[in-house]
Structure formats: structure tokens, C-alpha cells
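Two complexes, one shared chain (subunit A), two partners (subunit B, subunit C).
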Partner chain A sequence: MSAKKKNICTIIALIALGVFLVIVEQTTTESSMMRSVLQLSAIYALAAVSMNLLNGFTGLFSLGHAGFMAIGAYVFAIITIPVSKKGNVYYLYGVNDILANVELQPVLALIIAGVVAAALAALIGAPVLRLKSDYFAIATLGFAEIVRIVVASSPLNTITNGSLGLKSIPGFGSFYFPFIVVVVCIAIIILLINSTYGRAFKAIREDEIAAEAMGINLASHKQMSFITSSFFAGISGALMAMYLGAITSTTFPITLTYNILLIVVIGGMGSVTGSIVAAFLVTFAKEWWLRFLDQEMIIGTFQVPFLRTGFRMVVFSIILMLVVLFWRKGLMGQKEFSWDGLVRTLKKIGGIFTGKNRKPSASEGGGASE
Partner chain B sequence: MTTSIFLQYCLAGISIGSIYALIAIGYTMVYGILRLINFAHGDIFMMAAYFMIFAMVDHMIPWQISMVLMILATIALGVVIEKVAYKPLRTAPRMSIMISAIGVSYLLQNLATYLFSALPKQYPSIPVLNQTIWLGDVSTSIATFITPIITIAFVILLMLLIRYTKVGMAMRAVSKDFETARLMGIKINTVISVTFAIGCFLAAVGSMLYFTPRPSVFPLAGSLPGLKCFVAAVFGGIGSIPGAVLGGFVIGLSETFIKAAGYSEFSDVFTFILLIAVLMVKPTGLFGEKLMEKV
Partner chain C sequence: MSKENILKVCDVTMQFGGVVAVNNLNMEINKGEIVGLIGPNGAGKTTAFNTITGVYAPTNGAIYLEGKVIAENHPSGKMKSAYKGQNMGKYHKAVLLTPDKITKLGIARTFQNIRLFKDLTVFENVLIAKHMNYRANPFSATFRLNHKEEKAMREESLRLLTLLDLEKNKDDIATSLPYGKQRHLEIARALATNPKLLLLDEPAAGMNPQESDELMEFIHRIRDDFHLTILVIEHHMQLVMGVCERIYVLDYGSLIAEGTPEEIQNNPKVIEAYLGVDE
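Right after this comes the complex of A and B.
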């Protein structure tokens, strides 16, 4: 396929996605499943890509993502709750004087949410990034827990409303809002990954000592990756707050980090397109397609075994385990989506059905496009 | 604060600290051998509590037998997890095996939610452990009083096992150098299984002592104690058993006194700040051995 043809294909695909969104917007109602799951998937896609920047591209295994999302969400909520509704939200503790008249535009607030998350990342990054792999993971996990406890603690009652959480957070307004924000953010991340900094990140992932020998400043690059990742995690947290409309500290448990990690692993550590595809697949499966697993089902007089509340999540965790154990590369491995790869995969799949080309390579199965 | 209240807090702190120590040993031993943070350990501890409920409440088995069954089931669970989730990844990068451990933890939490529902369940009361006794003018339950004794007894047994038996020697060899130990004819897989079995045994005992004085068990009940015990293991120097015990006591005591001082919201914050501080100042912990980075 020539470069020109590929560009045309890409443009057509993007237009098709855009048209798809417009169709969804036109044909579905405000409360439809399709809409909300699409929006949630987009938010998870941003969270997953920002985690992938750190875990997949820089090789720093962080488990603090939920913490940064919580910061983003809280900052966003605190500065955007309409002044008229503040009395209602902070009915128990009263609102802090400084915040009483603060009500910012959502876009500005999103950026501030990201900046605050990034600032905290910069603050803890300096000491924490000195740690090696699993110690780093556990330290960031600890940090996320600290964030969760602190935002719900009583000294911050007039700011975060303590354990009651915040509500009346303004929604998206337009259906397209989260998609635009997510696309812009992911585009920035892709530009960063394709820049010299991105190549330095990958070098650090492959071999820290070799990277250092090539003149890469480990400390500053790790710091940069950590701060950028946290910035976008903060924005995705803020989007989550807009999506949910109400947040408490329990909205961002460790399990949220695990959920995002699951998306990153299924999509492939070190593949942006993999994370995006996996975010949509996983979220759709979890929130919609596999819902039936949670309901008891009776066909005729036969009660289908196992189906009851909670089974969906068990199935999910088993899928994660299978991916981790047997399909370690995930959907994409470290590769990105390309039209050549898609054509090759389609041919391979076609070969399986028509019985042609049945070489040992067909046993690879899966849709690992390059 | 009068002396008797102070002593009461001390006793409570030592008691909870020794439970942390029991669990921390599981982390530290596994880390010493596999270089893996077994994220699932806290959830194994939680599952042990559910096994006890399953045996005693659902099947009315007397507590002595339930206890034995619960310990056996927990050990089986731990060994199976190792065989299924960690063994196939032995040559994989460390990140993969850590993700696998997280996956197991996630699976166990969801499995517990599915099998036993997310609603908190009451832990069966073991009459012998719930009696109140008076030590001078300090009142306490038997569970609180005997926990440190049981812990210290097990730790001494474990140290003897590691120092004087063949398995113990094999464990020391494996944690020193995996490959060389294998070349010397040590059956790595057996040693790892034994390590997991010991860790899970201690977690099962810890679980019984932990949940007896507490009201309820829920699927996420293991994750926070699990993290705290990991902090205890890091504090004492990961790979070192006396270190884990000391770490457990330090965290248990400081937590109790922070709660006593009226800052109960922040007791967990303290634990994690302690973790980060220890990692900053002395990453190998108090008794940890220094690891050299190989190029």
C-alpha cells in the first residue's frame, strides 16, 4: 500500500468515526447506554494511554494512577461547582471562604486539574523516581492511598466536603465534549512519544544503563514522563468527575488503577492504539455486552449455572489472567496500528477460513496487527 | 493518660503488630526467593477468613476442626496460585510476573465478591479466644493476649527451620542465587512451594487472630492490611524475617498510638509515609542485605 493510499484510508476511517458519533448523537436519547458507554470508554482510553506512557513506554511501573485521577477530579469539582449550588453541596461543613465565589469554565478547569496533578507528581517524583521497579510501584500505590485518605479527611472538610464527597459537578454539556478533549490529549501524547523525548523514554525502558551511556539524563526524562502521565491522568479524572456528576474518595480505589492496568495489558504495553482499542473493547464488554452474566437466566426450566451478581467481574479477572499468562503481548504488543498490518491480519484470517495459506504461522491466531 | 490505659494501648499495639508480623513474613519470604511482591498475599489472608466462615457458620463444623481445614485450604490456595500464576512466568520480565500477581489479587477479590457477596459477613466467634482476662488492672481478650505469644513461637520455629533443616538451607541457597542453587541440584519448584505454604500458613493463623476481635469480613478486607504488612516487610528489610517481625511491631504500635491520640483518620497515611521515608533513606530496610546492580 502506498503512503498516499494509507493517508486516504486514515482520513476515511477518521471521517467514518466522526460520522458514527454524529449518528449516535442524532439517533439516541440522552440516557441511552450507547452514549454513556462511549463517553466512559473515551475517558478510560485517555487514562490508559497516559498510564501506558509511563508503564509501557518508559518502563516505570506505576500504580498511582487512581491517585492522580482523584486529584484531577477533586480539583475540577472544587473549582467548577456552580456558586448557587455550593450551599447545597457543602450543607454540613460550610464552604471555605476562598472558594465561595469560585466558578470556572470547564475547559480552564480541566487544564488546572491536570496542572495540579502534574505539580504533585513533580513534588513526589523527585524522591520516588529514584526507586527501582517494584519499590517504585509500591511507593506510588502508597501515594494513591494517601491521596484518597487525605481528600476524605476532616481538616479538608470545607474544601473537599470530607467523606460526603462532592456533587452537582457540571456535566459535559455537549455529547462531543469528552471525545474532543480525549482526542486532543492523546494526540499530544502521540506527538511526545514520536519526538526525541519519546525515543529517549523507549531507550530507558529497554536498558537504563545503556540509555545513560548514550547521554540520556535518566532523572529528568523519568521525571518528565511521570509528570506528563500524571497531567493527563488528572484530566481523565476530571472528565470522570464530569461524567459521574458526583464523586467521593471511594470513586478512586486501587481497583480503578487495576482496571486501567488491565486495559493497558490487554491492549499491549507500549502501544497507544492498542490501549485505545482495548479501552473501548473492555469498557463495552464490561458495562454492556457482558451485563447478562450478572443476571440469573432461566432457559425453559433450565437455570444457567454460575450466573449471578459478581460473575461478570470474575470472568473479567480470568480474562486478564489468561492474557497475562498466555498472550503476554496483548492485542498489539509494542506495535501501533497500520493499514499494512490490518491487511496482513485480514489475509491471515481469510486464509484460515478458506483453508489456503494454512502454514504454521496461522497458529499465531489473534489479531496482532503491525 | 494513666499507666493502665497506656499499658492497654501497648498491648493492643503489640497484638496487632504481631499479626502484621505474621503476614509480613509471607511477603518477605516470597520476595527473598522470587523477587516478587506477592500482591495476592493480602487477599489470601482475606480468603482464609472466608474459609473459616464457610466451615464454621455455613457447615457448623466445630472450631478446632474448622481451623485445621481453613489452614489446609489456605495453604492449598497459595500453592495453587504459585503453580498456576507465577510458575509459567519464571523466565518472563519482572513486570509481567508483578502484573500476574496483581491479576491474582483482582481475581481473588472478585471471586470472594461472587462467592460470598460484597456485604460484610460476621466472623464466627471462637469462645476460647473471646474470653476477657485481667492482667493486673488491664482487661483484654484472650485473643489479644495470646497473639504475640503465638507469633513469637512461630517465628522462633521458622528461624530454626531455616537455620537447621535441609529445606531451610535450600531456601537460603535459592534466595542467595537462584541459578546457582538450581545447578547444585536443589529442586527450585519444591522450595518455592514450601515457601508459599509457610507464608500462607502464617497468613491463615494471622487471619484468625485478626478477624476474631473484629466485627466483619468483606472482599476488600485484605487489601489494606496486606499493604501495611508489605510496608512492615520493607521497613525491616525485605528478605529478612526478624526485620519483618520488627516492622510489624513498629507499624502496629505506631498505628495504635496515632489512633489513641485522636488522629485515626491518618494512621494509614502514617504507614505509607513511613514506607516512602524508609525507601528514601535506607531502601534496603533495617536488616536488608545490600543488592548490587548487575550490568
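Right after this comes the complex of A and C.
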């Protein structure tokens, strides 16, 4: 395929996605499943891409993402809750004097939420980034837990409302708002990855010793990646706060980090498009497509066994295991989506059905049907 | 000495715990020379390389690049009582540059066991080495406010690949190249940092005779084309004798001989270190 053709395809695909969103907006009601799951998926996509920047592109295995999202969410909530509703929210502990009259625009507040998360990352980055692999993961995991506990602690009652959490957080306003924010943020991350700094990140992932011998300052580049990743994690956390409308410290447990890590791994460590696709697939499967497994089902007089609340997660986990078994490097590996790749994949699938060009290779199909 | 020396290693001792890996090493390398560093296995050659490039901080001694100190250290703390080397008390400062800073000052290296950026393309491998001279900040790099610089960087890298006959493989993944080409790529990547001094750690390891003959020619060629000074560690005697103008011989961490290839070949101490002695 020529470059021109590819560009046309890309533009058509983007327009199609836009049209799809417009159709959803026009045809569904405010509270429809489609709408909310799409929005949630977009938020997860941003969280996953920002985590991928650190875990997949720089090779720093961080597990502190939920912590940075919590910071973003709380900062956003604290500065955007309407002044008129503050008394209602902080009814038990009262509101801190400094915050009593603060009510900022959502877009500005989003940026501030990101900046605060990034500032905290800069602060803990210096000591934590000296650690390697597992130790770094444990330190960031600890950080996320500390954030969660500090946020709910009593000295901060007048700011974070302690364990009661915050509510009356302004929503998206428009259906399109989260999508626009997510697209802009991911575009910035992609530009960064494709710049010379992105290449330096990849060099660090591939081989730290060689990267350093090529004149790349490890400390400053790791710090840069960590801060950028946390900035966007903060923004995704803030979007999450907008989406939910109410947050407590338990909204951002360690398992949230694992959910995002799951998306990153399924999509492919080191693939932005992989993370985006996986975010939508995983969220849709978990929140919607598998819902029917949670209800009892009776066909004729036969009651289908196992189906009850929570069974959906069992099936979901099995599907995940199968995916990881057959796609060892995630759906996309380290590659990005390309039209050539799509054509190749389609041909391969076509080949399986028509029985042509079937090679006896282990990677193909994996003998699933035998 | 009339010639200008580029690297000067003074009394460098490298001790790990109780093991003295390099003992009181003194070397001088002049501009434009190709110098060999040889010795039996475990003689401390690679350790010497790692101290020069900043991977290890020397326990005692100093290293100068073009008269400028790049490493200086003296035993301190626990090492003070454990130190087994010489010249204790001769050095007082602790100047310890990290490898990236030393590379910026003009020393590039290759590795004994090839360390390419495995999953990246040949072109990207070279491009990354150009990153350190990049001026634009992350912000303008992200938003492409500096496309001229980026373009220049790409052109330079491409020119380098063309010069080293790697341009046909430019979009191949680094590890998909045949072994000999991977070695060439590693050298190309080191050259992309615009070094004054190039350190090659066993460049002919695993090469067949024909490949190592080509390598010999290649080393001469890059020295002349890039106005380099080259320090090479090698086991392959034919290559060392063919390519080096001067040779240092290490054994058990200490320098045992220094001279032209002819002198080294006839030096009884060297023969003893390599072949043992009749008793």
C-alpha cells in the first residue's frame, strides 16, 4: 500500500470513529450503557497509555499508577466542587478556609491535577528511580498505598473530607468532553515517543548500560518519563472523578493499578495502539458483554449451572489467560497498528479458512481447534 | 614526547573487595594512534576499559582526557584499610564522572558481548547515539518545533550508515543482522557520538579469519576517515599485531610490557604470561 493510500485510510478510519461517536450521542439516552462504557474505556485508554510510556517504553516497571490517579482525582475534585455545594459535601468536618471559595474551570483544573501529580512524581522520583526492576515496582506500589491512606487520614479532613470522600464533582457536561481530552493527551504522548527523547527512553528499555555509554543521562531521562507518565495519570484520574461524580480513597485501590497493567500487558508492552484497543476490549468485556453471566438463566426447565453474581469475573479471567497464552507479547507486541499489518493479518485469517498458505508453525492458531 | 597525548592513565588501581583487578596501571595514548591492550583471560583488560569509561570508579589513581581529569579517586572509608595497591596518598580529590558524561567528552566504546538496542532498527540504533548532542528541550522536541535539528540528525546518521556500508540494512531490526554486521553496527553507533577516542572491546570475538581480516581494514579506515585514536582489546593475535602500532600487555592486573608489536612478540615476560615457563 502506498503512503498516500494509507493516509487516506487513516483519515477515513478517524472520521468513521467520529461519526460513530456522533451516532451514539444522537441515538442513546443519557444513562445508556453504551455511553458510559465508551467514556470509561477512553479514560482507561489514557491511563493505560500513560502507564505504557513508563512500563513499556522506558522499561521501568511501576505499580504506582493508582496513586497518581488518586492524586489527580482528589486535586481535581477539591478545586472544582461548586462553592454552593461545599457546605453539603463537607458537612461533617467543615471546609478549609483557603478552599472555601475555590471553583475552577474543568479544563484548567484538569491541567492542575496533572501538574500536582507530576510534581509529586518529581519529588519521589529522585530516590525511587535509583531502584531497579522489582524493587522499583515495590517502592511505587508502596507509594500508591501511602497516597490512599494519607488522603483518608484525619489531618486532611477539611481538605479531602477524610474517609467520607468527595461528591458533587462536576460531570463532563458534553458527551464528547472525555474523548477530546483523551485524544489530545494520547496524541501528545505519541509525539513524545516518536521524538528523540522517546528514542532515548526506548534505548534505556533495551539496554541501560549501552544507553549510558551512548551519552544518555539515565537519571534525568528516567525522571522525565516518570514525570510525564504521572502527569497524564493525574489527568486520567481527574477524568475518572468527573465520570464517577463522587470519589473516596477506596476508589483508587491497588487493584486499579493491576487493571491498568492488565490492559497494558494485553495490548502489548510498548505499543500505544495496543493499549488503546485493549482498553476498549477489556472494559467492554468486563462491564458489559459478560454481564449476562451474572444473571440466572433458565432455558426451558433447565437452569444453566454456575451463573450467578460474580461469575462474569471468572469467565473474564479465563479469557485473559487464554489471550496471554496465545499472544505472548500481548495483542500488538511492540508494534503499532499499521494498514500493512492489518492486511497481513486478514490474509492470514483468510488463509486459515480457505486452507491455503497454511504453514505448520506453532505460532499460527496455536492448534486451538484441534 | 613530541606527540600530543589524548588519554593518560596514571597509577590506576581497581580493587573489588579484596581482589585487585587492575594494579597500578599507567598508559599514555597519543593522538591518531591505534593501541592494543592484550593479556591472558582475567588479566583485567575489560576492567581497565570500564574504569576509563566511567562504569567503575577507580579505587586509586587518575585518568585524563586531553589533559582534563575525567576520573580521580583515592581509597576512602572501608577501602582505606583494605587497600592493597600502591601510591596511596598520592591522589586526594574524588572526581567521578558517569559514563554518559565521559561519552560526551569524547570517549566512545563497544562491548565485549554486543550490546545493541535489540528490538530497534539499525537506523534507530545510530540515531539514539546522536541524542546526547541534541539541544532542544523535551517540549519543543515533542511538538516538533525543532524539525531542522531532527532532520540534520537523521541526515548525519544516514551518512554514517552509508559510509560504513550499512545503509541497505537501515530498516532491519538490529539483532536480525549477521554477527559480523552487528559488530560493525556497534562501531557505527559508537562513531555516531563523534568520539575522539574509540575503545573497542574484543571486536573480532567470534569472527572467522576472513571477517577479522576485513575488520582490520575497517579499523584502519575509520581511524583515517574519522581522525580517531583507537584503543583495542583483542585476543586475536594476528589482528592485534596487524593493526596496532603500540601494545600494552596486562597480566594479573599489572602492566608487564609495552612496545611495538615486534618488541612484544619477543618479550620473554609476555611469552611467559601466555605460554607459561619451563621448569
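Some notes on this structure:
The working rule: the second predicted complex is superposed on the first by the 352 of 370 C-alpha atoms of A that agree within 3 Å, B and C clash if a C-alpha of one lies under 4 Å from a C-alpha of the other, contacts with A are read in each partner's own complex, and residues count from 1 in each chain.
As a working rule, a contact is a pair of C-beta atoms (placed from the backbone, for glycine too) under 8 Å apart; a residue touches a chain by one contact, two chains touch by 3 or more.
Here the structure is a predicted model, which means the values were calculated and not measured.
After superposition on subunit A, the partners subunit B and subunit C are seen to fit next to each other with no clash. With both structures placed on the common chain, the touch criterion links A:258 to subunit B but leaves subunit C unconnected.
More residues of subunit A are touched by B (comparison of subunit B with subunit C).
When the two complexes are overlaid on their common chain A, residue A:209 makes contact with subunit B and with subunit C alike. Contacts of A:131 after superposition: subunit B is touched, whereas subunit C is not reached. Touch criterion met: A:197 reaches subunit C, while subunit B stays clear of it. In the superposition on chain A, contact is made by A:320 with subunit B only, not with subunit C. For the combined arrangement built by superposing the two complexes, subunit A sits at the apex of an angle of 80 degrees to subunit B and subunit C, based on C-alpha centres and given in steps of 10. No C-alpha atom of subunit B lies closer than 9 Å to any C-alpha atom of subunit C in the overlay. On subunit A, the surface patch touched by subunit B in one complex and by subunit C in the other comprises residues 209.
Of all the residues in subunit A, the ones that touch subunit B in their complex are 55, 59, 61, 63, 124, 127-128, 130-135, 137-139, 141-143, 145-146, 149-150, 152-154, 209, 253-255, 258, 261-262, 265, 269, 308-311, 313-314, 316-318, 320-321, 324-325, 328. Looking at the complex, you find that subunit A touches subunit C at residues 188, 191-192, 195-197, 199-200, 202-203, 206-207, 209-218, 224, 228, 334. The residues of subunit B lying in touch with subunit A in their complex are 35-37, 84-85, 88-89, 92, 94-96, 98-100, 102-107, 109-111, 113-114, 117-118, 220, 223-224, 227, 230-231, 234, 265-266, 268-269, 271-273, 275-276, 279-280, 283, 295. Only residues 53, 55, 98-101, 103-104, 108-109, 111, 115-120, 124, 127-134, 136, 138, 141-144, 150, 153, 189, 193 of subunit C touch subunit A when the two sit together in their complex.
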